[in-house]
Amino acid sequence: MSAAAPTVRRIDRKPGKLVPVLVVTLAILAIWYAGAYWMNRSLALDVFARQKVVPTTEQLVDATWSMERPLLPAPHQIAVEVWKTTADQKITSKRSLVYHAWVTLSATLAGFVSGTLLGILLAIGIVHVASLEKSLMPWIIASQTIPIVAIAPMIVVVGYNLLNGQLGVSTDASRFIAKAMISTYLSFFPITVGLVKGFRSPEIMHLDLMRTYSASRAQTFWKLRLPAAMPYLFTSMQVAIAISLVGAIVGEMPTGASAGIGARLLAGSYYGQTIQIWSALFAASLLAAILVWMVGLGGTAVVKRMGMAR
Amino acid sequence: MTSRGHLQPWIALIGLFAMVALPLDSADPTLTLPRAGVLGWSVLVATALAIVAAIRAEQSGIAGVLLAIAAHLGAFVALHLLPTVAGHPGSGYLALVLTSWLLAWALVSELSAVPRPKGFDGLLLRLLVPFLFGLWLLILWEIVVVVLKVPSVLIPPPSAIGARIATSIPTLAADFRQTFLKAVIAGYAIGCGTGFLVAIIVDRIPFLQRGLLPIGNLVSALPIVGIAPIMVMWFGFDWPSKAAVVVVSTFFPMLVNTVTGLAAAQPMSRDLMRTYAANYWQTLFKLRLPEAMPFIFNALKINSTLALIAAIVAEFFGTPIVGMGFRISTEVGRMNIDMVWAEIAVAALAGSVFYGVVALIERAATFWHPSFRT
Amino acid sequence: ADPLTLQLKWVTQAQFAGYYVAKEKGFYEEEGLDVTIKPGGPDIAPEQVIAGGGADVITTWMPAALASREKGVPLVNIAQPFKKSGLMLTCRKETGIASPADFKGKTLGVWFYGNEYPFLAWMAKLGLKTNGGPDGVTVLKQGFNVDPLIQKQADCISTMTYNEFGQVLDAGIPESELVVFKYEDQGVATLEDGLYVMEDKLKDPAFVEKMAKFVKASEKGWDYARAHPDEAAKIVLENDETGAQTEAHQKFMIGEINKLTDGTNGALDEADYKRTVTTLLSAGGDSPVITKEPTGAWTHAVTDAAGLK
Amino acid sequence: MAAGEENPKADERTVIDIRGLSLTFETNDGPVQALLDIDLDVKRGEFVSFIGPSGCGKTTLLRVIADLERATGGSITVNGVSPEEARQNRAYGYVFQAAALYPWRTIARNVALPLEIMGLPKVEREKRIAENLALVDLAGFEKKFPWQLSGGMQQRASIARALAVEPELLLMDEPFGALDEIVRDHLNEKLSKLWAKTEKTVVFVTHSIPEAVFLSTKIVVMSPRPGRVTDIIHCSFPRHRTLDMRETPQFLEIAARVRAGLRAGHSYED
Amino acid sequence: MAAGEENPKADERTVIDIRGLSLTFETNDGPVQALLDIDLDVKRGEFVSFIGPSGCGKTTLLRVIADLERATGGSITVNGVSPEEARQNRAYGYVFQAAALYPWRTIARNVALPLEIMGLPKVEREKRIAENLALVDLAGFEKKFPWQLSGGMQQRASIARALAVEPELLLMDEPFGALDEIVRDHLNEKLSKLWAKTEKTVVFVTHSIPEAVFLSTKIVVMSPRPGRVTDIIHCSFPRHRTLDMRETPQFLEIAARVRAGLRAGHSYED
């Protein structure tokens, strides 16, 4: 046998993602429906028992998939709720998920951008200043073990109230800044850790080369460390943007349940609206997935442009 | 010590003059350091000696020792005077604090520049620098909070937190056991484990890589706050529901990092495996996993802190009446902010030790990586 | 107009209808006040907010206010629009609980975050330990909702007459399957939603004057809410930024709230205060809410100035 | 399809059979024709050297044989089957132009790598590691990590790794490039002896004309842009060779022919 | 400290002055004595070659000169100052044993790297890139990435990168290791011409005896374990050299002496 025929080498067309995604989605939906039945069964049986009816299997299945406060809502219930809160509402309405998603997204992006910048700055400092690495790094790590929700009220009191109460920044802006601060706080860390690793990843020989040029630290940084750290940077950024979103959502709690996906989640939770929680969760995940995907896309583009992808 | 032109000692010299001349207490202009007895004088002398040693930048540990003595004597006197000047510090007091701080900073720079000796001394030196940094963080915190009279329900002084820790050891220990030893450890192990396994499965089965990863990303960023109530609904009040939250939040970093790491092997190394007709698992274990280790450890490190936060946050949503998160949320309501900070201190300590252990394992396991070879 | 910030204890809901009505109906404006209402939430301690200067006046429960006072945040009650307590323990009948005597060995859901003090006082009165032993009760820190009862994770849970109890009913459990114990009936009721300010500010007559205007206008709001419950519910709904509240539930809530605000003009009844203090002092335990009888924790100066006697 | 159908000449001793093989790389900068219309066959027990100017496609051709690169035209069989199947049968050992040692393994464990993969028992592995490290004069460096070795030592380690497999077919890409003359002569002799003794087939890329002449039974001279075979020279020296053979007129004659072929591939006007 | 104080022999033409230099590496496996008691001086305009068996410390010595490794004993000055200062003055250009090209830069931009660092204007940069790529016969490959080049081409690119700097002192670690004889001869000639024309000082590591003899004014023969200098051989050929010089008896004689020194450093019993 021989490897003849094609005249051009390796036109590696990546196989599409559509079919696998569809198949996996269908499988997950099937498992989900089964799970919904299984988890809600005893609740549904309680309801029937209260009404003193013995349900047929069909009735039971139907009931588990249409409960108002299920343990696990059926996918179509979430879909309906999402539809009702997106397509059926003006996007500026407080009842529109799109509006809430936007509120959260803006804080997420602000937090992500500042977290990334902070993370990069810290990583640069740590890689270049020995006393920073030795004294700061342990405390950066310790800072991340402080439970954010515990310090969030303090951010609110010290930050939000300072801005809003003493500095006269508008309520909305103060809230936004407080949320973005929490996002920043959470997202800088993966960036710092990943980048420190990345900045130190160049081959020894490549660093030696820079030494022979007596390149300044800045030159070594821009021309060697930074390019070499790119794969680390983008992986870290993917983690960071997901965490930023979590931060923004967490930050929506102590600023006074207001607008945003976090507030939706909480409100849903106060009133036992399981389906509303799930639809907010769905919105959050969708948002996260889009953000992570976009960062990934940006990363691939940059790495390709740099000629590192083969 | 090299002869790099340090600015710090010169600024400290200005501070020294200010310490001599200016009053410590704005309510009592006659109280200056030279008039504060033996302590006051010893601070001035120590500071002067340290400045001279630092400026002459002599090749020796002497400068370091002098800096250490002056900085900490200064801190001691500042703390000693704290009750007297609370609410009305004089400019001399500020000079005392800032100068001591500056000397401590100079000390930290000196220590960082020292080539690290081997063995136990090296370890001590490694720990000394962050310890000093933290100590000064606490000293300044104490002084700022007391001097500015910040209400202790907002930010308590470290001394109050320390006192609270001392009197609440049994409670703190019980909370630690509940949150860290049960929820965090279990959740971390399961979360990192499944993240890793799923990454391998996804890597092994390209169909899943294309089908599951996009959907996996969907699940990835489920906010802790949102899933915590659901997990309580599903797994009950006790620690398993907290562990479940930890699992969900550690899963994604592990998945992403492992998938990236598995792709990191050099083309030539891969070719080598091809020439051996190594099968998938052999290539995985002998080439791609070792090459992925730096990435995997990256995730393990990020997760070690994330897990703790997740478990604590999860406890805000229904728990038995023990646990670090439980304590934090209820004590905030009771205005026992010192207890809240005591828990935070325990969390920070536990988290840092956890991280440190992972970092040590990383060093041992990826000693060959360029980042450790320099 | 004179700006003033009110920090609520909880999210925007009919529990605070009086303030929202007063704002929407222009009652504050009539008094020359420009009132900002900050909604709260589970992580907001209004006591902390006011200590940090983020609010001029807050609503909170008296046990929490007195606890803060001991911790160095000198809060003073200037008015008490809620006469009665809406707190109760709701149990499923099938657990066999018929009276407080049956609590032994059961699992009870309790709200913490400063709301647990009346419960601890009650248990102390019943002589039950709360650390999970066989001759005490097992206490769970209850989350925001009533799921533990519906999912049978707890035998009893804390509910407010105006909120969570309605949710239990909404969840399909009929009243006939429930047993409720109102704190009010058990003699351990403590004062809820009062208005508190920082003590030092009260030295300024102008501040007292401003607060008097605020309390007066708020009372007008509460009166209006009692007279027009449906409209009040709508006003609350419009002010809910999350867009998550339902009209039906807010209507139910305002109905129940009106029962609690009835029978007072906003001035604190000293007898209620005494009872609250006694209850809290009896709570005991290893971390008591208050260790000694507070002094100066309330004043009539504001309500007097507002002409509410 | 069986190799025989396509190439009637191939007999049972044919190890590598290449007909009209071409390969084009796609680059950001347009296609690069790396190999054009290569014909070559290698019989069992032959020692074939590729020689040619830098960039003429020697590495590429060796990689095609090893199934590390896929040809875009023509046909190739290894042991009568496709390179892919041959690779899966572990038909060959390969020495890369760069050492390609794994930094997390010591030298001994780097040599152990292919043996582990083939599932050899530990005793046998250790025997072969010791043997082959001694062969390339690296005894005593077992426990060092690759970055602690000099360039030439790394290259020798990678040769030991390939030899330890004891493959029937050895593909070597400039294995002695980073070695000095003495070591090189020494290893040339050892390789030649090994080959004479074991009847192995070797395909060898080199830049050194004497080396090629000394070792080979057949020298393939290549020229670049596009990579083609310009000459195939047979050396009929006895199987057992010694270094002094390099002074014989026959040797010098062949060397001259190779040099001429090589020079033709370069565009230098000298 | 000035070089003169310690070494009275050093005159103003001394570029490198090494006295009693030693270097020990600490490894997991105990210390490795890589260099022992080296004495050497290099004058301006000299062409010095290091030759010796694999692992004898040639690279290490070159790295000490370049301040990439710090000696653990003895003294060394470069241009009269410490290697560190010399490096900071950008006193030399260095060619590594492996190409060490940055994978994310094209060939042209790899050559541009040191020029960017030295802050040369764009026009000048492009002139030098074109010139030096042409010198190593890589014109036309400007836009390729390193991994799209053959091993020898990569090595030539790295030579072009070092030459583009136009340094007074060139340190080259086996620059022609991966090149075939023809290209090697060709580049040897070019390098020799460049050196003759510009009065550069070159320190050169090689494995090839003819190459060393052809290029050098001084050949340093080293032997391993521990790395020592065993012989220093002066070649007094004219500054302008041609390849046919290699047939002269004088050349062959020097080559023989080098070979003898080299063989002494090996432990082969042949």
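Every chain is named by a letter (A, B, C, D and E) in the order it is written, and numbering of its residues begins at 1.
Methods note: contacts are C-beta pairs under 8 Å (C-beta built on N, C-alpha and C of every residue); 3 or more make two chains touch, one makes a residue touch a chain.
Just so we're on the same page, UniProt names per chain: A, B = NitT/TauT family transport system permease protein; D, E = NitT/TauT family transport system ATP-binding protein.
Owing to the predicted nature of the structure, the values given are computational and were not obtained by experimental measurement.
With steps allowed only between chains in touch, the distance from chain B over to chain C comes to 1. Look at the CA centroids: the one farthest from the centroid of chain B belongs to D. Taking each chain's centre as the mean of its C-alpha atoms, chain A lies 51 Å from chain D. Chain geometry summary: the mean Cα position of chain C and that of chain E are 84 Å apart. In whole angstrom, the spacing between the mean C-alpha positions of chain A and chain C is 36. The set of chain B residues that touch two or more partner chains comprises 154, 229, 233, 267, 316-317, 329, 332, 369, 373.
Shown for chain E are the residues in touch with two or more other chains, namely 98, 145, 147. In chain A, 71, 149, 153, 157-158, 203-204, 253, 266, 269, 307, 310 are the positions where the chain touches two or more neighbouring chains simultaneously. Interface of chain B with chain D (complex): residues 266, 268-269, 271-278, 282, 286-287, 290, 293, 366-369, 373. Only residues 42-43, 45, 47-48, 51-52, 64, 67-68, 70-73, 109, 112-116, 130, 132, 138-145, 147-148, 151, 153, 287, 289 of chain C touch chain B when the two sit together in their complex. Residues 108-109, 111-113, 126, 129-130, 132-134, 137, 154-155, 206-208, 210-212, 214-215, 217-227, 229-230, 233-234, 249, 252-253, 256-257, 260, 264, 267, 294-295, 298, 301-302, 305-306, 308-309, 312-313, 316-317, 324-325, 328-329, 332, 340, 343-344, 347-352, 354-356, 369-371, 373-374 of chain B are the ones touching chain A in the complex. Listed in rising order, the residues of chain D touching chain E in the complex are 25, 27-29, 32, 51-55, 58-59, 97-98, 137, 143-145, 148-153, 156, 174, 177-184, 186, 189, 207-209, 259, 262-263, 265-266, 268, 270.
Interface residues of chain A facing chain E in the complex, by the touch rule stated above, are 203, 205-206, 208-216, 219, 223-224, 227, 230, 306-308, 310.
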